[in-house]
């Protein structure tokens, strides 16, 4: 996963775009904690600063002040199965026939290898192992025979199969692109003379700007001195209602205060909790959330049951990238360090614990065991998503199916494996029904195996095992 | 504030004490985020590693592996009004007539200047501006004319006036000390052959060890090859019930899963919330906590009112030491970045927001304003502590009285200042009554001005404005 | 300027090539102090480590140990007028149709912009501003229609006009290339099963290996499992005698213990000094060198005159990249810090000071002034090269002609400007005659303006003013 | 060894003292490359910056600009047998009864352990393992019962036995001290309103200030607003002529352009070379120096013989602290990297190589071997000092006697060990006679075993094996 962000001041003021980009990716940090970067357009010269680490680690006041410009794009990313090393840190900035272009993308291209090989056959060279470099290489070729950047992007979209949200910065434009399925969210905002493109609305709210609207699936929106304009991948189709945004954005990925495709994340989770109370009630004294991702659904579940919602587990907010796990017993100790049990809140209680989903179940097993150690009488697990049976090749959940208990075990077997007194999942129908205000469809491939954007090729290459700069 | 921690393997095994110390201060990180350090006793040679930053920034696997020993003490500290610079980073390790001694202390010594001057008059030199160096200097002089380290500490306690919790590491002992008032918490634990001393029980739980008991006020507990022994500052007195632990540990400082002097922190906050519902109910649709410190009281307040408790505000967990605030409008923007409002949860609702306390009120004012921006119909503020009228010279709250609105303003004036529809504080009586299982008294000087350990001298000196090492 | 180095173990052993590459560029450090890098071929995976700084700053034991392989190429570079930023740090490693390729080059391509534009017109993208990326991009296109890498290089050489020495590392070969003029030196060595390619012979001597021979101008030498093979840019011509190596390698650039194109650097300088004594004797008590580059010629000049050669000025070896110059009076103070005058050696003496060349003359002026301050009776300056009248567009001397006093001033005017009692340059004829064992010609464009490889295009672009990684 | 430096502006200007201190220790860098530091007096507040590394590594423009003040002391130090770790980095700054005091010292105290134990018995604590902390602790006690700082220093000098040069910075004075034997050099300079104290005159020359005079043995010179004043350890004695400065300052330690106790270092070495030519001539074609320390004597030897002096070996100036030595064959390869042989200068020649001294002889052996590899017909070694038979407990040469070949082997045996055709040492008489302008005696304990300041105690302690800050 990644967070992408762009900002353009159409009056050409330089005062704020870089700082807005900083606050933007800071607010999207939950989408990726491995690296961060900002590229700015300083009167045609592109300045880039990017590095491994959190946004607050990568940028300081001096660096930020040096990045002046009227347009900025930014990126934060998590670890990805096929992009690794400092090479993969975005934004990427290149020079082509039509000048400097920088790109922040959240993408998984299914036919990446095939395209890369075709480009190599034409003599192209690749310095990184990223989709972004492939996209820029394709784009530059397409730009030769198209009238403008937008149509070069359109041609590129025809060649790449996959899921993506992207912001391009050219010498005079900021261009956002959402894949034709609308699998990745992307949203447009505005404050005074500045337009913003962001993975999620929470970043727009944080900056205090107004949300204009979500990108349509396959939409290419351009911000330039002339303001905003838009073209679509499939002009004839009414795209929005046919779109299929990733359902896991609602389940887990997005920040609770974001609104994606007209549906509030917090609301969707709360409503799933309510629905779960109807589908699978539990006779309990208290409902607690698996912190922090299960909290909203737990609150809804408690409301649905008419049972108090409260804290029982707290998450240690200092566990980060550099936390040292003990070599022995490391998983259990790491879980102990990560979660604190409020003994007096759980002692002698029948507890329902609500989690957003159960992927591998290892942490959940430890949590249930801690609750029992601290005197919980019963522990009932409720899950705000259906069984995760398929590894997501679109980058949301990188597990293979053999690692997913739900792909081979019954609910009872999983219940016993994790040591709960009872276990229930929300049904896919109820989950979808809970998204009551959404204005498009959802991809639920991880639950039902319907991979609408295809599956990736198998053979992967890596350029540089180690590459420091 | 600081977190202190010590661990001694009485069988002389070296495998775990350093790692336990790492996990110990990691679990006490909420008591201080400015610096971290560990000192170990490696067969008489004291190894020290300490630096500015979070525990996870200061230590990596290589450093931790190099710190082998059978006894370790550790420290994490926050900014302190009179100890600054890298000098002040603890533990401090020295050599004296009786060998190497290291000290981790959480202390505010009222007569520090007087003692330092007296020691200087005897020819002593000071390389830092810390209380710890004064304590070690006094201790070393006292050690000359006392039979053992414990009695040298006892003599030192007679000379220093203040509040403190300390762990000394000598070449063959680990010694914990709690001040005669018991103002700072300190607790003893055990797992297999290892004894532990910690600021709070949460660190003992995280490591998976058993809590033995809190230190008595004025108690000096020694861990050595012979096991555990104890002496008291005032042997004739039954100290415990006369102790007065800082009430702000319950209000704000300690981690919710800790138990201090037999009283659960979470419970105390939840019970205060319940009491507040009786004292100052509110006609609201939902009760939310000011995250994260107001959550437990909010949960109790909601239970007391019989109104749903839920989330309305979320705290961004990536705001840390290195977050860059905008130069313009910086306070408001920082608050916006720090807190996310769940619009759908607050829109058109009458809301009670519960916070642990109101010190300056600046952040609270912005939060109330954000809630209204997002459509809240009414916002009622409830505070789980009485008005903070006195700056705490014991280090918990460094504000001067002129900065504390409650020292000069009425409740109504404060309500108007922060923009709430109503405002109510818990009474001191109810706060104290909520601590139903506590086995000692509390210091409530910040509310009533009764500074039981005296006030500090005024004239402070600083050795080194800048000192890098 | 840059230093390039390559090493291949034709038996496939991995023990030494990386360390040899480290020692290799360490011995070539005088050719460039700004950055250093090594790329190794680890069974088809290319590992790269490179960064700003001296070789000894960029590599430590841990890094070096991680770079295992059977072939390695390395690079050190100085600041270059058109390649800047971390982008420009070499080696560069890419993936093309024929697999991974890495390149270390010391190059100035005259028609770089034209080629880059042509490639862009074909859709190519550029991530750096280096000649190396252009060369790799051309090479990859040429490789499609050629039978092997060597012929792809040959085709590339036909397209680029300029001066260069390069080492390519492919998945199964190490290939060295010297430009058709032979302007840049490149030499081949061997020790046991390992072949070496180096900018200068001094690196071969340092490693203890045997020099095989200089590359011919336009020669492409391949090292593979089959051993060594060679093709030429112009197969019909006897290239060597028509080559024109840069005369400034003898004057200043190369290390005194190197031998380039059969001529010893030290010898060439000593012989120039002897010739200078004949052409322009001086009535002096002692001959001193301008340290360290004038020492060899000074020794020869003294021998020619029959006057003692000795030290009078010492160079401070701690002046490096990070030396802080005072803001006021900075040039003079920097010169004072850089050079120490041996007062007793120069007091009351008539002195001849021999320098390799006079480019701008600023430092020389200060040195002469210091000598006089310390009591020198007369100071006669002798220069071991003719007047530098033309800025070298091949990268050796980046000064523009307006900065070169010799392009507009008479010898007398320069003498007065720098404050010498007399001033004499060696004639170009004598300089060339002193290279008595050289087996090719020399380029002396900086003296006579005959730029045999043409002049560069004017319009330069820069991709990224700032680019950190 | 260390370099110490101090600067005081008696008119109270702040503009230059820190920069002068930077340039001062930069010019003394040859006395110690391990760490560097500067302390300044900023209107009574002492600011300190110090760290491991070269002067140019430790300070940058930002740091230097932050260190404003009217008085500064500075320090650079080499590795010392008994002071290690970051603790030992100077200057040390403390607070005592009479305010802040900082100290830069180059010292070896013979009775350090005894004094430290006595101070501990009085209750003192030690945070480092340095002599400087002992001296400051003693000084602070003595200051209580003396009228001023100078007499407190005098009392301290009576208690410590050893060799030292020191600069103290108090809140209103800069005080320099040379030990009663005058073993360590110390010199006073002046430029406009600023007084300077430096280990060597070269630092005064570099800054462009005037040398006033050497400190007398046992002299304490004070710089204050009132200007300069001086007292002596032994007021009744005419100290200067009885002093015994370390002869190795002339042989090896000091920079050639320095003048110590009226004797030029360069001159002393040149004159020794002349004397050596008389005592031990050699029938050779050329005289070369072992770079760089043997060059001056080589020049004198050549002049004495009437044979050309020239270069034959060059020292690589990039070999520094971070140079990685190969694990195998490391010594020989390190020597190869360190020295380049000018083959054409030595081939078929009979060579005399002059070195300053022969301590262990390992490097010399490799050098002679390289000269022969490169075709030298004969290699005659001449040494500009007598046989080094005794390890210097005063810090100049830390070798134990078992490592010194001259303490057990004959000249013939050493000649064979190192592979020279002949070997000769200068006699101690001639060495002393060469110091023709010196105005005091010399300590030649390393040659004759006469340790005038006694020998150190044996038992050493170390506080902290590892101590990072």
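Think of it as A, B, C and D in the order they're written, each chain with its own count starting at 1.
Definition applied: a contact is a pair of C-beta atoms (placed from the backbone, for glycine too) under 8 Å apart; a residue touches a chain by one contact, two chains touch by 3 or more.
The structure presented is a predicted model; accordingly, all values stated were derived computationally and were not measured.
Shared contact partners of chain B and chain D, listed by label: none present. Taking each chain's centre as the mean of its CA atoms, A is the chain most distant from chain D. Centre-to-centre separation of chain A and chain B, using mean CA positions: 37 Å.
A separation of 62 Å divides the Cα centre of chain B from that of chain C. Chain A and chain C have CA centres that are 50 Å apart. By the contact rule set out at the top, the touching chain pairs are A-B, A-C, B-D, C-D. For chain C in complex with chain D, the residues that touch the partner chain are 19, 22-23, 26-27, 29, 54-57, 59-61, 64, 202, 205-208, 255-257, 259, 264, 266-267, 270, 292, 295-296, 299, 302-303, 308-311, 314, 316-320, 322-324, 326, 333, 336-337, 340-345.
If you check the complex, the residues on chain C that touch chain A are 42, 45-51, 63, 66-67, 86, 89, 92-97, 100-101, 117, 120-127, 133, 136-137, 140-144, 461-469.
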